[in-house]
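Some structures are shown below for you to check.
Both of the next two complexes hold chain A, though its partner changes from chain B to chain C.
Our next item is the complex of A and B:
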């Protein structure tokens, strides 16, 4: 990223600093930031770079990275897009049975795939509505001066260090209907009627999966939030308190806005992660019972590696890719833009 | 300035070259013979003892006799094997020797040119192998793989738990079978263990019911016509639903696996469930996953899937299959000889002596010591009809759909008509 270095007003500036004085006062909304930079200037600068150094240098320095990028990123994407237009069982050589967009038509009529979208939506809503708030609350709690807080921090972060597969294996034992810890505990405290066949009941399985994923990932988001919270200068909080803000108002109008960039990134990671969810669910349930916990990635795997309908499987993987890409682009364009100003290249000829 | 650029360009080029060489090196790992030895890459799915050790011993014995051959064994779990094989074969490669079940998957592999035609090496050898399983390893009359074991699915039951429920003899008909389930349930035992998460254990019930109702050819006929909306198939679904309505399976069976310490095999192995419908490997798997690693031993006995009243099929028609090995298209030539060695009477007797395979080499079955395995071997050899496992006999897309649809039926999420419909859709695709 030579551009951000060459640009003194780029990433070095704390992205949230501009809104601070206003948000410290309760009741004052966000100001729209002035745009100090003109993109025309940076383009002129880029032209200078090209003129000074000359094309050969640029080509030579770009080539290795570009080659690798094409080979390991663009290549597979193009190949998958190509394969998804064929009926192909995946054995030997390139596919030959061209069927156009039939795989995509079939996908849009496939109850399992449509179900995947719906289940993915539920998981996203739960992640944003439950998982992130828990992580945020814990982060703020562990930012307080409480005894053993370092121990708590490590403890809450620990699940994230485990691999998804190990987490899932652990929880298949915990959630096993007969000998599992969850039901044993429920029975021991006399709540027998709450004991359930968590992973084998189509009505509960998605929520059981969500609990497992939350257990694994809340520590990660907690650490993100904690780091961001510690980056907020104490003076701002003090200033707000001196101005008479109670703790709720300090949170609402100082802490929360300043955590904004981190929260937005956390939401982004959470949604992308949910779209691509595979390992944990595969080990926990295999997508079952009766597809009740199936995700797009699992449907893709089932068709690609179990039914040997590789063409249809890649069509599903293309759908995942397109959904992720469109979401990522839109989110960056409309939500992350102000956090990333100066750090990313934007389309030319705008503003 | 010019020299400056040139030096930089050269550096860059050198870097790119190094990168390319590195990438190239990654792809260069096919079983060559750098040290003058032929390397046989052998992938099999006998990832638990006793067969794991038997195969290793046989490979060592062969290497001792043939110093020019090196055998690399990769034991894999069944599903892991399938995934790994798919990944490798997509690049047009195949291991030298790998597990195969014949049928539809082998046919796809033949069409893709991944396996070797070994018909030429068979005269003088093949006569010693039992003919029934052999034909499932042939495609268009040519031999591409060989079986080493052939068994069948039937009920493995716990005699003590049956006696406790007041059941004198194993059921002969579907009606009697349902009565047995009711009695077992009344006696407080889990009548049947089922690993519903894996789906394939459920398809045994459906397949057997179709065979018993429509006759030994019913399934192949439906597949050939690509139409499963037939009376015998719908009736099979209805019969299966009768069983499901009795709630014969353990709590949480839809999430249970076949192996694992709380799976189907372990439930029978720990004496918690009275029976399971499973292949000839059931007793050894029950023991392997039971808490004490011993299983129920002599308490376990075998009875064939009961006949259905008024059905065209006989109780002696057999649903089953076995395991075999296929030879990869670019395998060293010694691989065929090694496979023959694995299937020699002596090697087969070693396998049979562990009671975990039903051998296919004629005469090797005498090495079986377990009464149940002897019974299975006898039932298979006297079978009046034989149907290979559907998820092996047919294209995986249909086989997997049958597994999925039958599981939906058992979970109460699909009617017999819907099952027939969705299998037909998969077959036509």
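Our next item is the complex of A and C:
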């Protein structure tokens, strides 16, 4: 219980804590559990240690990161918000042909864009319904003491280090209708009728894309879950089974709730990842055939870099930004709130 | 709850589970599952490796079997081509420069966030942390416009600076967590001995934080190495192309020469897999820390 060490409410540091040996204070031991730090305590502590240091150090150390971040991360977002209000081919200085919200109106009537939303939704449902459960099941499986589990773990995670481009080019070959591995396997086991032109059939292409991204990413989620599972003390599981719970109930009422924070983070990462899906789709299909695998990022890219409708392209960028932002804020507010400490939500608790 | 009786019961349970083991059937099923999933992962890669040793005729007639005869020209052609080595060099240069920049700048910021109290600290930290939530693809188009205005197209800085900037959030979060763990006594001692804040940062904090620095460096290298979208729009000039661009372009150029493309893909995999082999611990540690702390 790391919580017991911190002083919950006081604005003054308890005098007794001054003499506490280093190892008894939070943040000193090797424990990595989230540590709630009461504001008054850390303030007081910081004040005593850093009294002599002033703003010069803070400014000098923070400036490079802040400059880079504002220029290259925030700057473009502000720029996109501005140019999305113009009809602009992207050339010359700043745009001049102001059209208000017309780009956004056009977007909401654009079948490709609305299709992007629908396809994104399907991919999210598939990811959450298939990819994450498989990853979780494998993590629990590899948590068992089975032989070669280190080999399996290394193998399952390996695709994650390959770039999406390499993965996609490899699978272009694997899924190609004539010489591709997938169809050859189906023919070899006598399921010829299932062989398909995976990437050029609008009915199958999205699922083919999903298989490819699952190949690359499920190992990442598996590793997250495995790390979380290994962080659960064995005593808890044992205690539950001693108290008569069968393995399903141990999973349902002990393991799963304790994995909750990690599962919620994985869902978050999976959805944010789907919103920006580009590389794999671009290489596999370019968004085709007839937009059947197009994502928001592909549509944005097509308009911005291929058709030189930069104004409209940045409007789609803004849509991606707003969707990410609204999703992230709602998710933080309603789902992650209990889990997060020290990152985003903590700002609310501090002045 | 924790009377002696309970403890005894637990011990008994532990002994029982320890002795029980698993029935051979269950064990076999577990392995079967793992092997099936493993095949899903490995077979496409093996198909690529073997396919690279075939010619296209063989590939069409004999997609599964071993090559007969083994054709090595697909691979050897790559190793003697100047463009492959150039792409490898560009990828390496950009990855190293990105990593040095993002880790250096983030370490400074994380130091301030971890060990100084000042008004607005949480605001600025939240600002950086929010960066985690924004997909890179969101910014690419306006970023391109901005970099063009700055004259950074066909310039490696046009890739390095944005990659570093988008790497800031996760790097700062992981490093701040680590810097906070370093005991205050060490800092007090250093201060008493006349160490300036910069001296403490440079001579004590960074050397102590070597494992964390290794972790975030590996993350930055992998992210840079695999980046495709940014180099795609920044580098028009072929002489700056990175490996992912090269792979994609190669696929377009030899569209019908499947065996040759497979060979190129396999060769392009090697550096990433090699890095994974030597830095698995840092990579996995960094990913789990980045995900759970961010």
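To be clear about the criterion, the second predicted complex is superposed on the first by the 274 of 351 C-alpha atoms of A that agree within 3 Å, B and C clash if a C-alpha of one lies under 4 Å from a C-alpha of the other, contacts with A are read in each partner's own complex, and residues count from 1 in each chain.
Basically, a contact is a pair of C-beta atoms (placed from the backbone, for glycine too) under 8 Å apart; a residue touches a chain by one contact, two chains touch by 3 or more.
The shown structure was predicted, so the numbers you read here are calculated from the model rather than taken from an experiment.
Novice: With the two complexes superposed on chain A, say which partner A:163 touches: chain B (first), chain C (second), both, or neither.
Specialist: In the superposition, A:163 touches chain C alone.
Novice: After the superposition on A, what does A:117 contact: first (chain B), second (chain C), both or neither?
Specialist: Neither chain B nor chain C is touched by A:117.
Novice: Which chain, chain B or chain C, is in touch with more residues of chain A?
Specialist: Comparing touch counts on chain A for chain B and chain C gives C.
Novice: State whether A:89 touches chain B only (first), chain C only (second), both chains, or neither.
Specialist: The first partner, chain B, only.
Novice: Who does A:57 touch here: chain B (first), chain C (second), both, or neither?
Specialist: A:57: touches chain B and chain C.
Novice: Which of the two partners, first being chain B and second being chain C, lies in contact with A:108: first, second, both, or neither?
Specialist: Neither partner.
Novice: Considering only touches as defined above, state whether A:305 meets chain B (first), chain C (second), both or neither.
Specialist: A:305: touches chain B and chain C.
Novice: Looking at the overlay, does A:285 come into contact with chain B only (first), chain C only (second), both, or neither?
Specialist: first
Novice: In the overlaid three-chain picture, which partner chain does A:313 touch, first (chain B) or second (chain C), both, or neither?
Specialist: After superposition on chain A, A:313 lies in contact with chain C alone.
Novice: Once chain A of both complexes is superposed, is A:199 in touch with chain B (first), chain C (second), both, or neither?
Specialist: In the superposed model, A:199 contacts chain B only, not chain C.
Novice: Across the two complexes, find the residues of chain A that touch chain B and also touch chain C.
Specialist: Comparing the two interfaces on chain A, one with chain B and one with chain C, the shared residues are 57, 61, 64, 68, 71, 90, 172, 176, 178-179, 304-305, 310.
Novice: Can you name the residues of chain A that touch chain B in the complex?
Specialist: Contacts found on chain A: 54, 56-57, 60-61, 63-64, 67-68, 71, 89-93, 172, 176-179, 197-202, 205, 285-286, 288-290, 302, 304-310.
Novice: Spell out the part of chain B that touches chain A in their complex, as residue ranges.
Specialist: Its residues touching chain A are 5, 8-9, 12-13, 15-16, 19-20, 23, 82-83, 86, 89-90, 92, 105, 108-109, 111-114, 196-199, 250-256, 260, 262, 395-397, 400-401, 407-408, 411, 413, 429.
Novice: Which part of chain C faces chain A closely enough to touch in the complex?
Specialist: For chain C paired with chain A, touching residues are 9-10, 13-14, 17, 22, 27, 30-31, 33-34, 37-38, 40-45, 47-48, 51, 56, 59-60, 63-64, 105-106, 108-109, 111-112, 115-118, 122-131, 133-146, 161-162, 164-166, 168, 172-173, 177, 180-181, 183-185, 187-188, 191, 197-198, 201, 222, 225-229, 233, 243-245, 247-248, 251, 258, 261-262, 265, 268-269, 272-273, 275-276, 280, 283-284, 287-288, 291-294.
Novice: State the interface residues of chain A toward chain C in the complex, per the touch definition above.
Specialist: 22, 27-28, 30, 42-43, 45-47, 49-50, 52-53, 55, 57-58, 61-62, 64-66, 68-69, 71-73, 75-77, 79-80, 83, 90, 134, 138, 141-142, 144, 146-149, 152, 154-159, 161-166, 169-174, 176, 178-181, 184, 188, 215, 219-220, 223-224, 227-228, 235, 238-239, 241-242, 261-262, 265-266, 269, 272-273, 275-276, 278-279, 282-283, 296-297, 300-301, 304-305, 310, 313-314, 317, 320-321, 324-325, 328, 342-344, 346-347, 350-351
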